[in-house]
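There are structures below to look over.
Below, chain A partners chain B and then partners chain C, in two separate complexes.
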Partner chain A sequence: MTALALRQDGPGTETVPGPRRRLLGLVVALVVLVVLLVLSVMIGSTAIAPSVVWDALFRSSAGIDQFAIRDFRLPRTIVGLVVGVALGLSGALIQALTRNPLADPGILGVNAGASFAVTVAVGLLGVRDAQGYMWFAFAGALIVTLLVLALGSTRQGSSPVVIVLTGVCVGAVLGGAREALQLTNPDAFDAMRYWNAGSIVGRPLEVVWPILPFFAVALILAFAVSGPLNALALGDELAVAQGVRLVRTRVLAVIALTLLAGGATAIAGPIAFVGLMVPHVARWIVGPHQRWIFAYSILLAPSLLLVSDILGRIVMRPSEIPVGIVTAFVGAPVLVALVRRKKASGL
Partner chain B sequence: MSTHIPRVDFGRRVLVLRRRRIAVRLQWRSVVVCALLAVAVAGTAVLALMTGSYPLSPGQVLSALTGRDTGIVHDIVVEWRLPRVAAALVFGAALGVSGAVFQSLLRNPLADPGIIGFSQGSYTGALIVILVVNGTYVQLVGGALLGGMATAVAVYVLAHRRGVQGFRLIIVGIGVSAMLGSLNTWLILKADLDQAMSAAAWGAGSLNGVSWEQVVIGGACIAVLLLLAGMLSRPMRQMELGDDAAASQGVRVSPARLALILVGVALTATVTAASGPIAFISLVAPQIGRRLARTAGTTLAPAAFVGALLCLASDYLAQHVAPTPLPVGIVTVVLGGGYLGYLLFTEARRRL
Partner chain C sequence: MSNTSLMRRGAALAAALMSASLVLTACGSDGGDTGDKAVETPSVEAAETRSVKAENGTIEVPFAPQRIVTIGNTNLPFIDLGGKPVGVTEVSDSDLDVLPKEQRTVYEAAEIVGSSGGEVDLEKLASLKPDLILVQFHSNDWDKIGKRLEAIAPTVLWGLDTEWKAFADAIAEAGNVADALSRQKAEFKEKVAKIQETYGKVIDGTSFVDVSRGDWSDPGTFYIADIGCSEIARDDVGLDLPEAAEGKDPLAYESLPFEQIGELSKYDVITYPVDAAGQPTEPFVPVVETNTWKALPAVSSGRALGVFCPSNNSYGPVIRYLDSLDSALATLPAKK
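== the complex of A and B ==
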């Protein structure tokens, strides 16, 4: 139990900015995100002038550029925004829940379940189109996460350590099975190496809309449990003493993060690192306060994703690098620089 | 056992061995568990030596091992099957200890040598050799070691700021590993399918083509490293209490931590050089060992025995039970993960 709480320096030893500065930072993050949304629509293998973008978005005008914007860049940008929000928030939730800085949304078996389901769909059932994958991935993620929770919890609820380890185990078992399937089935291997890279290209909005209600539910749940999660950071006993209902808080948080991470993975494939890194950065900015961490994560994560996607488009023009590959290259240096500069906070 | 020293109640039965200036205090349960695991390892090893396209009886195996039989049976057992079995045993133990060192050092049950970037770095090195240089096996091993070591050094240096602190090491490790992981995905994506699949098979870790030479050299390195790990285990356990507490007990924290990191990485590196990265043993063996021996912290010996057993049994299953021969790394993941899951499950039930 104590092994998980990696707090060598007690929390609260650093100066936490006041509400006004937090709010100011939030506004700045929002502006950055909006700018990135605009850039994401404008920049691509051919740069399109802002006026044309305006025309394409708000007036019905025909032309190749308008077509490119309406049918490719706009959907892609929206997908990036949605997936980014989901990944950031789910990362913040899992780290708050497990009190482990190593925890990422994939740890409860979300990614393992999704990729296993997709591999089975491709390798054994012969599914070939991305929309077919998506529902398999979503179902796989949800089922496996529920399995992890069922295995890892007792009637009194369960310690986050056991849940996390169970998630790692189930993920590993499924991962092994998936890998065995892939190494014996070249078709599945080929399909999976593309899916595994994680991308927001070519996801029609029609496949994204059905996921949005799930995200909305998760968003409400997340903010509903943000207060109890603050108390949980002090440890189970203190949280109970403050009137937190442990089981309910954990279950709600897990439902929220499963819907978010499962949905994001279903849409874009496994995009690692965003959910892991962004909450750390958010925590360094605002201090240990879950509601603010959630808010910052919601704005910072899509920013990271969109920056990465834009870079992926222009670095190797005219070919593109999937966003899942770029995120780590954009985010990791920031993370390393921050952890060297700031006093690292364990939770 | 001497009588004039006041007996201390450790809360569990303790075995004390004293010989002149050296005294070792062992927990009975750990000793029994390790002995049972050793028996299981020996049994599995004999089973693995018996099985193959030319099945042998236990008697034949034993007579070949003791040198009483010198014919074709001797060749099959000693020349063909024994290197692989010995490799599985030694490498498994090395990985188990390596994982235990990192979990103790970083005080995190999810930590393993991968945290310092070694695994991803060695895979990157190997991928570059396979896909870009199209090199030989020796070059592959060289590339893997170079990649792994360079990454580990980079992580350590980046995390170094007036000493290395566990948490910072984890975060830097996550960042660097994630970057290399992305690079690996990209390399696999750009390669043609056959090359990518053979690279992935190497990346899964396999004991195919392990020769006596590799076993002897690797085994010698691992023996030295295990000895070092044993000597470092006392400061390691004290550092589990926190850097300050350990320092107040006379542990020189920074050198001890660096030495432990070096030993842990070197153990993994030796295994990777011989067989590719065999995943998950280093994560799961310490957990299982700790639960079987019911020790308070991470302990090395049970981790080593569990690692050896896990690797050996996995290789047996991968070779003889799976419908097509698989890389051992795939089975370790399934077997180790499944067993740890079972232990956690029963543990959770018991606490009801």
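== the complex of A and C ==
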């Protein structure tokens, strides 16, 4: 696989780390994630001693602080982990599928579909709680993505460019319809105001468990198509020459990324920047090998989400800032710095 | 001058002459309200209109307006004072749900002229031929339609920051429903005095905190209420409730994450919002369902009191709030 050993970053050429260094990096990323998971449980808007956190997690003590850990911080951390994994992997998938380093799941209409469905649920059907409109968001994301794929497919087949443009158009139409609904319905506006910011606060684990099987299926599909996606990065003709079944690969990839992005959006609302930035960083670290990019994205994305969430809890104590806002503040400067240092990556 | 205006002036002149003759023939009697007002009425013009000071200046309003349209937050306070508006703007379902039946009937009998303060169907409003428009909404909305409202009928505006008692006084004066206001004020005073007298010993030295959530609250957040009904409990009844520092935003403006529920353990008594049936309000249910809430000393010892606050911008709902607070406080001594 000499073709994969070298990669082009714009005009320059860089060598890619070997398997041992990749593996070492993966272990480091895993350790960082574990540390952040611990910090996420330990740090919050209320100061709680580490010993109390330990009690809360490993003993059945029934103090107020122990309950606070079990009621709020632990579920929030798990939600952050799950949503982060889904966003990172879906971002890596969409960038590989479209061969577009600026792609994120939003361009397939995932966010637009979920947002529109939630607005309808809240504004017209009177659904109020996260568990209630989660399924609307998930269904909206899936239906709109399928619609985009159907509209973006021609008799000659489907091309990433056509699909992306169709996604942008459908997203714009749904965005307009959503805003019209919100302007005429103050209740929907209030509910959507927070949902649109993207947050992992106040999401009980009951919201997460039903989505997990979908994520598991998506995870399997993603790694199953990682090989063909490597070949696809070289162009359709070369991929076909290497025995890749284009339609099958694209359909499976789209199913996987839609399940992941749709599920993450249903749980936390649209959190845009994670799916865009993390696959970039992963690609800079490991080169254009999708399986490694996927693995790194799975570890780095929840790390970014958890760091952002922890910062959101402490910068405005005792109030908090939604994680969707903090990820943009944290992620954007990091991405710009990386871009300036390494130049934009190709696929 | 229109025929209607001429007729109105004629009728007013006749009424003024009759009032004057009544005053002359009733010398030595105690004199009722009507008589007193007649004596104070120096001229025909003064009997027709009176001056009301409002946010939009000093407005000449009819002495006894017959066709009043209420816009924004004036709807329910005016109806609470016994007013019967011919036109109203929509109020929220949650407000309607807690409205007494007779007031709801009055509200539903009025023509809806807009979905909210700033979105008024001016053509429909004008077709009602109002002789007075009462308005309380945001200054931005006033900038949009204020002049057009004033072109339809005398319009009295109050800003959103008008204190509720001053608001009730002003609506009663402009809408000529001062008698009902006097009765409500007397009842309010009596209720407050009764609570202070009955629970004085319980209230003294007890720290309270009022917590709430609204439909608009972000998921996973609540707030400490220091405005609205909580303000009445603190300033009028005398409960020791937290208050924002001078010059700072009210505590209620700050959304607190559920994690902060544990901080409520420093208070002796917690009050929280319930509906008319005494159940936690729908937005507050997620708070009472948490184990952290259940573990609070005040909650586990029965000193978390559900209090019904239907509204806080006129005396009627505030009196209902005081009744609820009275009942809630009645459960305290035995448990303390």
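The rule we apply is simple: the second predicted complex is superposed on the first by the 330 of 347 C-alpha atoms of A that agree within 3 Å, B and C clash if a C-alpha of one lies under 4 Å from a C-alpha of the other, contacts with A are read in each partner's own complex, and residues count from 1 in each chain.
In this section, a residue touches a chain if its C-beta (ideal position, glycine included) is under 8 Å from a C-beta of that chain, and two chains touch if they have at least 3 such contacts.
Given the structure is predicted, the values throughout are model-derived calculations rather than measurements.
Upon superposition of the two complexes on chain A, no clash is found between chain B and chain C, which fit side by side. Once chain A of one complex is fitted onto chain A of the other, the partner contacts of A:Ala332 are limited to chain B, with no touch recorded for chain C. Contact with chain C, but none with chain B, is seen for A:Gly63 once the two complexes are overlaid on the shared chain.
By the touch criterion defined above, A:Arg22 lies against neither chain B nor chain C after alignment on the C-alpha atoms of chain A. Touch criterion met: A:Asp190 reaches chain B and chain C at once. In the superposition on chain A, A:Pro318 makes contact with chain C only, not with chain B.
Number of chain A residues touched is higher for B, counting chain B against chain C.
In the superposed model, A:Arg250 lies in contact with neither chain B nor chain C.
Shared-chain residue A:Thr166: touches chain B; no touch with chain C. Nowhere in the superposition do the C-alpha atoms of chain B and chain C come closer than 8 Å. According to the touch criterion, the shared surface of chain A, contacted by chain B in one complex and chain C in the other, consists of residues 186, 190, 194, 322.
Interface of chain A with chain B (complex): residues 2-4, 6, 8, 100-103, 151-156, 158, 161-162, 164-166, 168-173, 175-177, 179-180, 182-184, 186, 189-190, 193-194, 196-197, 272-273, 276-277, 280, 321-322, 324-329, 331-333, 335-336, 339-340, 344, 346. On the side of chain C, the complex with chain A involves touching residues 116, 215-216, 218-221, 254-263, 265, 282, 286, 290-292, 294-296. Only residues 44-46, 62-65, 67-68, 70-73, 128-130, 186-187, 190, 194, 199, 201-203, 313, 318-320, 322 of chain A touch chain C when the two sit together in their complex. Considering their complex, residues 103, 106-111, 115, 158-159, 161, 165-168, 170-172, 174-176, 178-179, 181-183, 185-186, 188-189, 193, 196-197, 200-201, 204, 242-243, 279-280, 283-284, 287, 322, 324, 326-327, 330-334, 336-338, 340-341, 344-345, 347-349, 351-352 of chain B touch chain A.
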